[in-house]
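First subunit A sits with subunit B, and in the next complex the same chain sits with subunit C.
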Partner chain A sequence: MTTEVRGRLGRLLPDGADPTAPLLEVRDLAVRFRTPSGASVRAVGGMSFRLDAGEAMGIAGESGCGKTTTALSLVHLLPGTGRVSAGSVKLFGIDLVPLTERQLARYRWREISMVFQGAMNALNPVQRVGDQIAEPIEVRLGQSRDASRKRAGELLELVGIPRQRASAYPHELSGGMRQRAMIAMALACDPAVVIGDEPTTALDVMVQAQILQLLERLRRELGLSLLLITHDLSVIAETCDRVMVMYAGRVAEEGPVSRVFTAPRHPYTVKLLSSFPDIRTGRRALSMIPGSPPDLRTPPPGCLFAPRCEHAMPVCAVETPPEINSDDGVRVACHLFTAGDAVRRDAASEVKA
Partner chain B sequence: MNVAYLVRKLAQALVTIAAIVILLFVLFRAMPGSPDRVSKNPNMTPAMQAAERARWGLDKPLVPDQLVAFIGSTVTGDLGTSIKFRGQPVTEVVGAAVGPTILLVGLGEAIAIIVGLALGALSGWRRGGLVDRLGNGASLVFYSMPYFVIGMPLIMVFASGLGWFPTSGMTTPGASADPVGQVLDVAGHLVLPLTAVTLGLIGAYSILMRSAIIETRAEDYITTARAKGLTDARILRHHAFPNALLPMVTFIAINLGYVIAGAITLEVVFSWPGLGTLTVAALNARDYPLLQGIFLLVSVSVVMFNLLADFVYGALDPRVRS
Partner chain C sequence: MTAAHAGRSAHRAPEPLRRAASLVGNLLSRGDGIVGLAILLVFGLLALFPDVFVGPLEDITTVTGMRLHAPGLGHLLGTDELGRDILNLTVHGARISMAIGLMATVITILLGAVIGVIAGFVGGTTDALLMRLCDFFLVLPTVVLALILAPVILDVVGADAELFGIRATLLVIVVVIGLTSWATTARVIRSQVLSVKERMFVDRARVIGAGPGWIMVRHILPNVVNLIVAQAVLTFAGAVFTETTLSFIGLGDSSAPSWGQVLSSAQEAGAAGLGASWYIIPPATCVVLVVLAFTLVGNALDDVLNPKSAGRR
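After this line comes the complex of A and B, so read on.
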């Protein structure tokens, strides 16, 4: 085994992979949870997105909008009664949805790994950090214990932790170090996709910036493909190429960060962006979005955001808005925009106000 | 874990034992009845009774004379002589009963810890599965029954009924002369009481371990382990079990401390010649020195096992160590 840190480039694809297929392509993904009363709740409904090699996409939205559920469902990690009820998740053209647990194990961590939020509880408190990083290398890649440990040490150095710290337990590391160790662990098997689930949320701003820089550097050096889940839009603005805004388990708007953040189209995106302070502008009252997200046990008909939307039209309460693709690469699911082009209807001209 | 910590813990343990011993001394004497009243012989003259009281030092005032004498001799390792077993040293009487108790309860604990923890872990890991439904149901039944309630039907069916095992005692007098035959004889006597105590302990351990595993299962690091693509068995063994074991350590240690005390009702039901049976005999005879000896041994064992729990906990949980 080579000691140098390998990137994804030149790595063998899993059996049955289509080299021409996109890295990750999710289509019409729906996730359902069964409630104790036996009812079925659709937590994620008809999500489609695509992640290309070397790309970083951010998934944004309020708490409970289905960001984490979407991420966990990709490799069947949903808790309790949750399951994918429809759609496909194609990695290198291989659909992961119909696979059994045993078949799927091949793709976990080796192809799709995760950095969870609040690394304190995501790391086993009674196991040495180095052993936790070495575990997938030994167990999943079949390397010897010594080789795995050695590799774990290299990965720690890669994320800026001296390799001697491999013998530390999670509680002996600071929050930022734990998050770095978690990132090192996510890189253990050279995965095709790394999912970051609120990787910087529990950290103070300085450490947060360091972690984001680290992710940025790793992306450049290793050619990582990143799916970054966060409610913090500034994190996405700093690290991602594209952003997908979710609302109530659906895509509201998706497109290049530069476009979506400067010229949001969906009324929800507009509201979400204006609820964050901007240090460059003067003080102003942050705007809130009145009301709360819909109860997904009894979703309203039509657009799920309509009850809170100040631009709601009669059609919004009846029909689910179709996703409209515009020429500049932005996709938006809102009745204010008509198919074919992304020119706003009259009512939409007020959206930015 | 440094020397100062060790010394401090040991000192704490000694103070605890001293306090318990003095408390017991007072408590036993506060009980109604006294040794001479229990063993009163209508044929004894008052003079003989007085001589008897003087022989056991019961004519002296409780405090300070009796207490000082008691503490003085205890510190030097002399636990006095038994009143019931006329003049036999307490250490000897207690020593003879320790072996049978450790054999019965100690063996029961060892089996129950292994089986109970494994059963509880599997039940909790596959909650609602076959192992859980059968194992947890049985565990609840046995956990809720006192040992003698488990023991009595065993005696009725397998001893009096089927006659497979002896009903009571630890040995058959004059059964066998050769060592192998003696071991087999004791083993035969051991089966039923051991089954009773083991079933009860398995129930307790498996119920607690089950809930510890269920709690651990919901932890984020278990999701991490699943995301790593590890097999279910590996996640249980390497991630869930070591963490779920932590709350069990204290419970097991406390339980082990009482191994010495024996399962009193169980020993009495099976006439097992252990410390439990001896305790009952000593209580009935108001044999103060013997009671003191037994309870000193029990409290030392409980305190020591708690001390051990602290150290084992430190070894298992790195967060406690630092």
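After this line comes the complex of A and C, so read on.
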């Protein structure tokens, strides 16, 4: 070991880490999938974002927009047909994209771990829950079976499950407890970043609220950074500091939750928000977005949302909109905001109307 | 508090022992488990200590009875054409039949499980090669293979050679049964592995950083254990039958009477034609009982090993 670098809570960072670099910085990430016919589909194109220590960011968007693909590509977890075709993923300033599987082992689960979608399927039905939580400790940190079991017991208590339940099989736990067990497993190696892939989908609202509270508490106590993937905007509103709205593999809008949810700029965000019922207003027909996301095998030129956008201008069908950063920390990729300030304000008020 | 205490004291016993004890306990809580285990226990004792029950194996020089005598006081199950006591022969036959059955099953299950899991999990060329190998062994006829292998093996090791106290002629039977039945087991297990490996917890294990070996042993194998048990039971039953068949056609060891061997000499002596049913029924009943017992235990194990059915019953 050359130099010891300690970061959050005095934990040891990997060799070559830059303590001044942001925790996670993704730049121009592009992911391509090979189709059986030999064609190549760009599922994610030119994504950039950063995640700071202790921060929670939500990734929102409709099904198939590349939320999970983006998260999986951070630590090379894409299925066999997919690969990162461009861009960089820097964790502590170290680029993970060019690393080999062997080199990545240091980061996978130890720095970036995951809470999987659908806990029942992600747990082995014939193995005791405690042993499964102990698995990453045994495999990753090379600890003895007894030591990892002990730690698994502590992790279970941390997520609010009595230690004795470690000897239960997955089917003996309730849906909420299984999801807690998955969270305990994600925390096993004390990671810096936890990716939650729809962690509350398929849970009823009461349990969902408990799980979200748990994640919130863990984030505070352990100084975790959360990357929460969900199509449920209320989950993001409740738990996240920032939100990134994705459309067809690109960032549509990104910024602090308070700003994006109260004053959305991108026409897609506006539509997405208004397609959710609001308990405070009276009954009304929810608006929906006409059409469906573009076929990424033959993406249209220009803005990918243009065909469904009410505010589409001639330029939208020709040019890909650049990402515009505004002073209040919101980033938006829409031609409505590319022109001068006056036009932007005009257009923005028009969008809201 | 008490639960925590019990948990701690239970940890003192080595874990495999603890699991085995609870497994037997679960088996004994089921009707079929008790019956199956009881029959196996009886035959196990007979096979281990035949001399205690019926004295040493009788041969032509130590016979006490008349030829083909019907069951009576001196000979509870009658005698054979040489005057040997049938009870004596049947009890001593348990050792050979069960030993052959067990050894053949161990070979079959080891080969079948290892090859099945590897072929299914690794896939690709490995899978294709292993499955072609399987195809080859699947089409081998047991009896013909035994007829060819028996003289070859005997020639190589010598007819009097012994392995673990078992004569080479019997080993031929073990090897033949093992070679001809592992392929079925491998195929059945591979098909289940193909489905298990697509489950999400396998991906999860891979993400966590588990290597292929770890995943196969810790995740795939436990999910196909019920199949392995079922296959083991079927194989054992089949092996006892095959041993009977092979001994019957004269490939057995005439100096070591297995049940098949006894049936074979009954046939040679024309027992059926002479109405000497006592010569045929005891060994045949034993074969059926042992196969039945294994099926019962296998069925019970299948349920007990499945954590989901533990609470049912």
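Everything that follows uses one rule, which is that the second predicted complex is superposed on the first by the 336 of 353 C-alpha atoms of A that agree within 3 Å, B and C clash if a C-alpha of one lies under 4 Å from a C-alpha of the other, contacts with A are read in each partner's own complex, and residues count from 1 in each chain.
We take it that a residue touches a chain if its C-beta (ideal position, glycine included) is under 8 Å from a C-beta of that chain, and two chains touch if they have at least 3 such contacts.
Only a predicted model underlies this, so the values are computations on that prediction, with no experimental measurement involved.
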item	value
Clash or fit (per the criteria above) of subunit B with subunit C on subunit A	clash
Subunit B versus subunit C as contact partner of A:Leu77, first or second or both or neither	both
Which superposed partner A:Ala60 touches (first subunit B, second subunit C, both, neither)	neither
Which of subunit B and subunit C A:Ala122 touches, first, second, both or neither	both
First (subunit B), second (subunit C), both or neither touched by A:Arg140	both
Partner chain in contact with A:Tyr107 - subunit B first, subunit C second, else both or neither	first
Which of subunit B and subunit C A:Gln164 touches, first, second, both or neither	second
Footprint overlap on subunit A, where subunit B in one structure and subunit C in the other make contact	77, 105, 108-109, 114, 116, 118, 121-127, 135-136, 139-140, 169, 171-172, 185
Residue ranges of subunit C in contact with subunit A within the complex	3-4, 7, 199-201, 203-205, 207-210, 214, 218-219, 222-223, 225, 306-308
Complex contact set, residues of subunit A against subunit B	72, 75, 77, 79, 104-110, 113-114, 116, 118, 121-127, 135-136, 139-140, 169, 171-172, 185
Residues of subunit B touching subunit A in the complex	219-221, 223-231, 234, 238-239, 242-243, 246, 316-319, 322
Contacting residues of subunit A [partner subunit C, same complex]	77, 105, 108-109, 114, 116, 118, 121-127, 132, 135-136, 139-140, 163-164, 167, 169, 171-172, 185
